[in-house]
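The letters A, B, C, D and E name the chains in turn, as written, and every chain counts its residues from 1.
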């Protein structure tokens, strides 16, 4: 402090400042690191993995209609604090990714202009069917209709989910797989019991069940609804 | 009408308008401005007489105008300062209501 | 023929005049002289806005505008089109006539100042006997325009901005004039053309620019400081301090009138820079006698651009002053220094040429500068701020 | 014109600049202030030496004039010149000044207003040098007044001391009386000669054209104009140089710090009067065509000088304050210079001025050293025996004393005084000044011996040291040291003493009758030839005898047996108490002034007061009673006789008044209206006049 | 009498009349500055360059601004309600008319032709040198006057601390 109060020439500080800005000026042409600007639409700041914005619906496989994990249980609709989710449950059932017949949403709308990105829907979903997206730019022409996303806009593949949140997606997949395996072994055990009763029944079902890891195509013969996990 | 007369006529008109303003306005500042106008009219006369005078190298008229401008500037400064001070004193610059000296 | 590029515009004008009937010769000549100025300087304004935005960006480690056209070169055009097509809003209670006249008067006054600016050899519009005085006289009209703008808007912010601007302009006009008096003393003329011609001689290869004398250098610095304040530029941009009074006296203007204010302000800046070049930097003369082959007008505009870059640089560097700092600086530092500088210039005139004179004058300048700056500082009690809670 | 003539103005400008800068310095920056003053003075000294060299090579006056103010077709020109007179004075003042500046750093070391002191000193030096180089009476007068002002400031430097403040005022006012004459003379000269420049290539006031015009024109009492103007200017010189009767301020001025006394009131400022007369000598000595006797002006100068010389010498005999003795001695020596100017021309007077400047500065600085050593004691009765304690001071002081006494052949004072005596002896008007001067010389030697005996010989009688009870210290200036052993002063003080002592010796040999280089240099001819004139040796012998006699007498009375106590009365006092008292009180001149001028003023005031109170008051009272009586009668008549008749007319008057009051309503516009109407009337009248 | 003179004259007279007749004092000052500019143009036309430019600088740049400031500082709600012209306006107007008619008559009745010699505009050097020679005393006096006016104006207009009524 005492150093600064010494008898300096008037304007010394100004000259120092000018030197600093001059260094900035020329430096910005020499080293690109100085430039803080990101040329936005073309360039983007790499996002943190945990970044999330609005929810979307995950589907397995390649068909958004068929592979949709959502079973239209409507928990998220109830839990959503700003009430931005609107679901209409289907009357009939359709086989889901595993082939189990399930209800499915005929209408699934999210109004992102209302959504507050609280992630509660994700937390409550028992089927890992709704997840948070990372897209943040939704330029539209209209403020209302264009920001009301329907099922088709919301549905995104599991691969996409892997793309944006790889760690989390793998964990989810692993959990799902484990669940299904457990279900499969349970089914197998039941089958074995049944086979013990009726040895004439088929064999080889356990082999396929173990072989399939991620997207099992084994159809459990049980016609009961899948047990609630957790 | 010669050139000089035109200038003199213009200056006397200016003088008369300035005088009229100084005589008729209520606002003290505008009265002062009227007086400035009268001074300006005089300046026109100085310059016109110099221009139409016997020799333009003899620059008394110009010098007089310059000095007159300086004096007018001083007058404006002091006059306006007085008006501001008077306003502070009596909260008006209306000349009709500044009549406390009236006998 | 080295004269040709130098005088190309003069020759061109005379060639064009040959096709004009003699009866309208005078008017045609005037138009032919004025029109280029009316085109060139607004163009320069356009370039400068771009330059300023890009330069400021780079100074702040940003890119600056780069979207409109290649490297953002069409940005000024886009700005122009935008301001032209914007809605022209006049406040309901405004004094409509005065509100309309203010930007016009500002631009007209700014343009008038170019009349005495010698932009090249034989390229001054008029060679007035009292050219420098003309410049300052026209400059004083700007104050009136600013007042009109501020007053007619019937807005508190406008009024405050106008009052600030006028107070600042009056305060800095005095040192501006006084700083240029030294040159007039030395040149013995008020004509801008004469002043440049005095400086356009060479000893060896070095020119006789007044900025190379101690008093000239000091005068130049003081002049530039005062000119910065006079054209309301940072760090003296209090009249339009966005954070306090939004945009000062032109807050109630929009669209084209707003653009006119901007134009007027930049034109004023160019004009003061031009007069600074004329007075101190040798006008259109080349900085070394071996460089005289480059046309004189090119030199003038080169110097002008340099000064503009200086302005931008300073704007990118310094923060805005406070009102009391501004006034103190004018009355307690710049004005006494300018007065003292006049004494030095007189001394210079009466001393024999030589190195002794140079050093004596430089010494005599440095002494009061140190004293005055010490006084300024003592009053300010400059010290690092100590925080009670932070740190 | 060589460069030095052009830049000779720098010699006064540098100290002035130093003064200006140190005036802005804060009080605590002592070193910069002193450094500035000394450096500027040294630079001036160097320049003065250059100027001296230039004057050596070209002794005719070289001038640099410029017009300062122009009003109408009149021009006031200022300028500076370089001639031998200027050159000699420049060297003397800068050199002595430099030494005294250096000395002051030691002497004033402990004063808290050190910075202010050097500011004033430098300003004084600037003013004095300005007086010297001035080529215009106006410039000279301005610098003269600066000198007067700084003298005032410096005498009253210790203004807390009421005596110092009074002395400062006295000095200022007394010199102002003289300056009034100076101013009148200057104005008169301007009116007659239309210029105040001294030399202006033939048009100056001191050049043949103007002077011959002035010398033949006579005014009242047959005085020529030149003499009259010269005498008026001489009034200023009298004030500044402390000539009788305006000498009263000079002894009192010793209240200032001793370096000031040395610089201003011994070496330079008081010599300014002498210098002024030397400068305008062509005017003073201007003869008519046929007259050959010395002019009235010069006669007056001589007589005033002679009276002053004798007066100062006699008074100095009976003083006890070490500085007062020197002060009266200065008065006396200034008288000698005036005699020299009057009878022998500028060379004679100036030679004594120069030598006197050196040895008197030496004496004053020596006295300062003594005072410093004795912790502010100034009374010589309380000193004594100091030669043991302050050997260097004693040695140098002794040299100064010998120089002042005019000890034959060795010291400078002898030669310069001898030249004066010789010229006085050959004066055509009267022999009396010669005898007065001789007597003065005798007394000079006597009182200097007395002083030296008192101070340096005998036993130490300082309070607390001798066999003497303590008596109240004479001086307030006891801030320097506590009372203690007398001690030798620091080298910074003794070194200037030694240098001055050397010059007090050596300077004399520049102007001996055998090799009168100085005189011929001043007179502008280079033929340095010994002048063998009749009576020269005789005069020399006479003055030697006088000096030796004076010293011998002094030794006889004071040195033979040492003074034991400080209460013991003076030898002379024992012998002639009445005379001694008269002399001690300086012929009661201050008292006479008090009794005459001051009392006269008081008396008139009192008289006026009395008149007012009784006479006029009584008359007024009587008149008022009479008026009251009359009024009563009147009112009686009025009430019952005329009231009725006048009432109506009064009413009409009051109505008229009200109408007039309406005109004077304080309304600017109304006034303006009347002015406008008056303008109409005026123009109409003028047009009518033209039309008819 | 040239066309330019006529234009300038009409401009001056019109703006002066407006300056003295408009209701809003600020408008008055603004029109007044047109007058000042016109007078400056007149000076330029007459060849007195220096005076003309000084006129603009002093009147437009200083006096008009000063007047504007004074008006801003003395605005009061009461003042706006009062009339523009004083009670005795008619008398004043008549006086002014009388003055103008008399002056005009005086001008027109005297055939002052003046010399219309070749006009050599007065150069700044000429003015400067005569300011420094013949007119140096008036110049000094003007300087003194301006300094005194400056100080006086500040002292008069400065708000006094004890003045807290």
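The rule is simple: a residue touches a chain if its C-beta (ideal position, glycine included) is under 8 Å from a C-beta of that chain, and two chains touch if they have at least 3 such contacts.
In this text, all values refer to a predicted model and were calculated from it rather than measured experimentally.
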| item | value |
| --- | --- |
| Given subunit C and subunit D, the chains that contact each of them | E |
| Centroid comparison with subunit D (C-alpha atoms), farthest chain | A |
| Reference subunit B; chain at largest CA-centroid distance | A |
| Identity of the most central chain, Cα criterion | C |
| Pair of chains whose C-beta contact count is the highest in the structure | B-E |
| Separation of subunit A from subunit C, taking each centre as the mean of its C-alpha atoms, in whole Å | 60 |
| Centroid spacing, where centroids are CA-atom means, of subunit B and subunit C in whole angstrom | 34 |
| Euclidean distance of C-alpha centroids - subunit D vs subunit E, Å | 56 |
| Distance between the centres, which are taken as Cα means, of subunit D and subunit A, whole angstrom | 107 |
| Set of subunit D residues in contact with two or more other chains | 669, 673, 676 |
| Residues of subunit E engaged with two or more neighbouring chains | 50, 54, 62, 69, 86, 88, 91-92, 95-96, 99, 103, 121 |
| Complex contacts: residues of subunit A adjacent to subunit C | 1, 4-5, 7, 9-11, 14, 17-18, 20-22, 24-25, 27-29, 34-37, 39 |
| Complex contact set, residues of subunit E against subunit C | 26-27, 30, 33, 37, 40, 49-50, 53-54, 56-57, 60-62, 64-65, 68-69, 72, 121, 123-125 |
| Residues of subunit E touching subunit B in the complex | 1, 5, 9, 12-13, 16-17, 19-21, 25, 28-29, 32, 35-36, 39, 42-43, 46-48, 50-51, 54-55, 58-59, 62-63, 66-67, 69-71, 73-74, 76, 78-79, 82-89, 91-93, 95-97, 99-100, 103-104, 107-108, 111-117, 119-122, 126-127, 130-131, 135, 138, 142, 145-146, 148-150, 152-154, 156-157, 159, 163 |
| Residues of subunit E defined as touching subunit D within the complex | 86, 88, 91-92, 95-96, 98-99, 102-103, 105-106, 109-110, 132-134, 136-137 |
| Touching residues (chain side subunit B, partner subunit E) in the complex | 1-10, 12-27, 29-30, 32-34, 36-37, 40, 43-44, 47-57, 59, 62-63, 65-67, 69-78, 80-85, 87-88, 91-97 |
